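First chain A sits with chain B, and in the next complex the same chain sits with chain C.
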Partner chain A sequence: MRRSEILRGRLILLAIWAVLIGAPYWMPAIGGYTALGTRVLVLGLAAMSLNFLLGFTGVLSFGHAAYFGLGAYGAGLTLKLLAASTPLALLLGTLLGGIAGALLGALIVRRRGVYFAMVTIAFGQVFYFIAFRWNALTGGDDGLRGFARQPLHLGPVTIDILNNAEAFYYFVLACFAVVTAVMAFLLRSPFGHTLLAIRENERRARFLGIPVERHIWLAFTLSCFFISLAGALYAMLNNFADPRGLHYALSGDLVIMAVMGGMRSFWGPLLGAVVFVVLQDYLSSITTNWQSFIGLLFVLVVMFFPRGLLGFLQRRKAAA
Partner chain B sequence: MSLLDIRRVSKNFGSLVAVRDVSMTVESGELRAVIGPNGAGKTTFFNLISGLFRPSAGSIAFDGEDVTGVPAHRRVARGMARTFQITEIFPEISVLENVRISAEVAAGYRLRPWLGRRAAAEIRQRVEKILGLTGLVAKADRLVGELSHGDQRAAEIAMALALRPRLLLLDEPTAGMGDQETYEIAALIRRLHRDNKYTIVLIEHDMRVVFNLADRITVLDQGRLLAEGPPAAIAQNPAVQAAYLGEAA
Partner chain C sequence: MTQLILFNITNGLITGAFYVLMALGLSLILNLSGVINFAHGGFLAIGGYLAYSLNPYLGFWGALLVSPLLTALLGLAIERGLIRRLYGRDPLYSLLLTFGLAFIFEDGTRFLWGAQGLPVSIPAFMAQPLSLDLFFITGYRLFMVGTVAVAVAGLFAFLRYTRIGVRIRAGTLDLETVSSLGVNIRALRSFNFAVGIFLAGLAGVLAGGQLGLEPTMGTGLLMPSFIAIIVGGVGSLPGTLLGGLLIGVAAGVTTVFFPSASEAVIYIMMAVVLLIRPRGLLGEEGLLT
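== the complex of A and B ==
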């Protein structure tokens, strides 16, 4: 029973990576295009980062777009003002969002539940208004333009991720692989087990000797670093960053992806992102009212598959 | 020196005095029962000892050091472990994982992003030993939330044991159990005390369990210390009889 479960897990993992690696080849066949795949990866990574906190620590942040957006602006500003280097933009974007998360996280970890969510929204909106108002630096409502991701120089080899969409997809996939591997690794560690303990029962966790606030802060901070890396990739995907990348509407979309896909499963939020991004791409070309359709789908999923799409699939297989 | 030395603690909730001026000392290796009618303040007394609340007055020393202002999670690190009157477990993960988290934290690994082979093997051994002691080996892979009430209580005790406590605080471990389950838990507590030399403070309503197990008994009534002594003396104590008769009447 246990062994077959492990085998099944490995097969699923293999399937996921095969699909992701092959995406630029099979997507055109069903009417997709590579940049759409890249967008799925980036938002999927963002939703998985949020879910590190939501699904595996049991803490709901409704302002995670703030750190996503900070990562985006950090990367954009680096490319525009500092140096024409993709790795540097990625690094500084991640640091900007991650450090902001660490500082603000320290102020909010004592709050719980709705209060925690409210404070995360409030802080998120502060960044939104700064980006919106600080025209000189951020371009205000028009967004930050005038930068572009740069080709990668790996020793003698140059990879043109700027003009070659497939090359950029694989660059994003590599980043995605590293971050998800770090997440999976952490969740299996004693530290990850303490997060699970906090999710399951905070009082019990405290009386096992876990300083709950400190561990929630660590989880929050890590999750902010992960999501700001996704944000930095997002800026480079579009060669553009705008205040909506910080807005709580995006935070809400990320929560929808995580819950719809299945927040108790590691890959659930990625599936949620696939459904969300593909539907958005398709529906927004035929109706301006696409958000209502996604909202309706979300409600249906929550009503009929409370564990999310992937949670539902896993349950059914387990029962079979 | 006593392992636990509680001096004149009180706890007020607004105008209600839930614990009033209670003192108690527990020696290493002792099994102490705390009894009293409903609402006597027993659980509140445990909450003061384990650090969930700070006393309104009085002091608590553990192993010779004052811990009155020490937060709960640090008291655990010093060797106090407890269970709750209403079971507190991690319902959606397995019995083994519940106990493993405890063992990892107790070993000082709570911030470790990975474990070496040696450390992991030691943790596994420790977990197996405790599952054996608490009779949960066959249920190791089950989700704790799916176990029977009795097994959930046993799992909570197992989690407390995995902390390597020097003082084990058990709040009504047999609450809500039938005779068979009560008997099994009582036998487990006896083993822990006799064979494994744990120091235990036990809140208990079932008098058969109390008089069979306890070395000494502390009686609380309306927040006050009513009596303390060996079981035989407590059974004869007119004030105690009155308190319990008063409850029955």
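== the complex of A and C ==
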């Protein structure tokens, strides 16, 4: 890589973080609000977690909402029944979704392609039905209520993330930074390069002696841990968790975010989440038929921007 | 108790019959084109609603035949216009496309026909129970199961005895060879897609007569149909048939003993099949895996 390219990469990274850190200050100026920014960040994190599997391992999971939702219910139930502690809720939510992902992952990693997608969707729906039916514990169709995120106690300092939306935004941003750093670290490690090798040519990777199934299982499990952390944050954002957070419709939304932003690039899904969440927020405020427009968005992205916004820009640049 | 179990087995068979129609269509399309048609439930709903609108003009019997045909035409148009361009690309894209179409169909039917449920009138002589003891067996229910049986038998006969049917089956196994033997696989895939959608439309009309119409009526059948395909074995149509009936009856029987688990049981069946026999009950190793 040339030095100018390295410099450019660093500048872009700097710009992304400047935009994210400054969001509570510049968003109101263009008509946004802090909770929308937090939503973008949480769903962006979810889409990036999914893309760890989709874009960097080349495995199509269409049921990731299940682990997102498990994270949400795990966090909500912890706050409601166990202890009023935000970090504990975050931890247990992440563990619930991650462990479920590890167990089911073991069952499905031998499948590939469309078949893999089908099995992930179907298994994802199991948790939807559990949340939907187990009224006593989950509140059924009405969702889980009666919990709230708790102020953070860091030694002598208390940060009130409950009543201060900006403070919560920065808490989410901190979590986001940690998870994306871990993801970036993993992708740069030999493990990450092995995942790329599997994506590019699975048969060749297998002949080279790479235990492909074990790697895919690991990638699946890690991605489930990441996304359930995002789900736990989501429950705390709304102080609410509902079965729709587990439904495959949300899985579809997450996949389209990753594809729309550009699934071959690390930050692409975040860009996709920005576009998707803002568009959804806007459309549902102006028309009751917003679902059709979201559907149309799917069709347009698939037909005209299969490489996503970032892929499109990169190709334009390469052609110029 | 015997009556209760019989009642739920009958219910299970009828639900299973819908799963079978839906899953066979999905399976046909998946096998030949490698596309998971998420919009299948949307096509089903459109079939039902078209029958509702055609009913005053054509009567029940006319609508029963014409509505699935119109739905199949819509499917053909969508295959030609959109889905065809995605063959040969990562299955991710056709999945996302049909996913978006499902949104559009659901919202579109709601827009055109309203969000309220609509009843479909069925001929009066079929609405009566056949006997007092077996109150749950109405003429219409028998008629539904009979129609599904005829449609399924027709499909299998078509695939076995006609030239196009043989080509479809051959294409499932090795599309490249079929293509190099001079078969126009573009036309074959279009036709096959339309057949799959026809079955969805037919299921829509039948379901409308039994349960009434709702924009989301097909969405709820989608997941069980997936499971029917996985349990029966991807790539095998007899497997899909078996899988659909099996999970329908299993869900029906579970309703007797443990009603809240009637959805869960089909997922448990899928998990067991994947653990013990990953290729599915009648599936062959190496197809689409």
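Heads up, the rule we're going with is that the second predicted complex is superposed on the first by the 314 of 320 C-alpha atoms of A that agree within 3 Å, B and C clash if a C-alpha of one lies under 4 Å from a C-alpha of the other, contacts with A are read in each partner's own complex, and residues count from 1 in each chain.
Everything that follows uses one rule, which is that contacts are C-beta pairs under 8 Å (C-beta built on N, C-alpha and C of every residue); 3 or more make two chains touch, one makes a residue touch a chain.
Source: prediction; values computed, not measured.
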Partner chain in contact with A:Gly209 - chain B first, chain C second, else both or neither: first
Contacts of A:Trp17 with chain B and chain C, given as first, second, both or neither: neither
Partner chain in contact with A:Tyr33 - chain B first, chain C second, else both or neither: neither
Superposition-derived comparison: chain B or chain C, residues of chain A touched: C
Which of chain B and chain C A:Tyr25 touches, first, second, both or neither: neither
Chain B/chain C common contact set on chain A: none
Chain A contact footprint on chain B (complex, rising order): 50, 71-74, 76-77, 81-82, 84, 88-93, 97, 100-102, 104-106, 109-115, 141, 159, 163
Residue ranges of chain C in contact with chain A within the complex: 30, 34-36, 38, 82, 85-86, 89-97, 99-104, 106-108, 111, 223, 226-227, 229-230, 234, 260, 263-264, 267, 270-271, 274-275, 278, 288-289
Residue ranges of chain A touching chain B (in the complex, touch as defined): 2, 185-186, 189-191, 193-194, 196-197, 200-201, 203-204, 206-212, 215, 218
Chain A residues touching chain C - in the complex, by the definition given at the top: 54, 60, 62, 107-108, 110-115, 117-119, 121-123, 125-126, 129-130, 133, 248, 252, 255-256, 259, 289, 291-292, 294-299, 301-303, 306
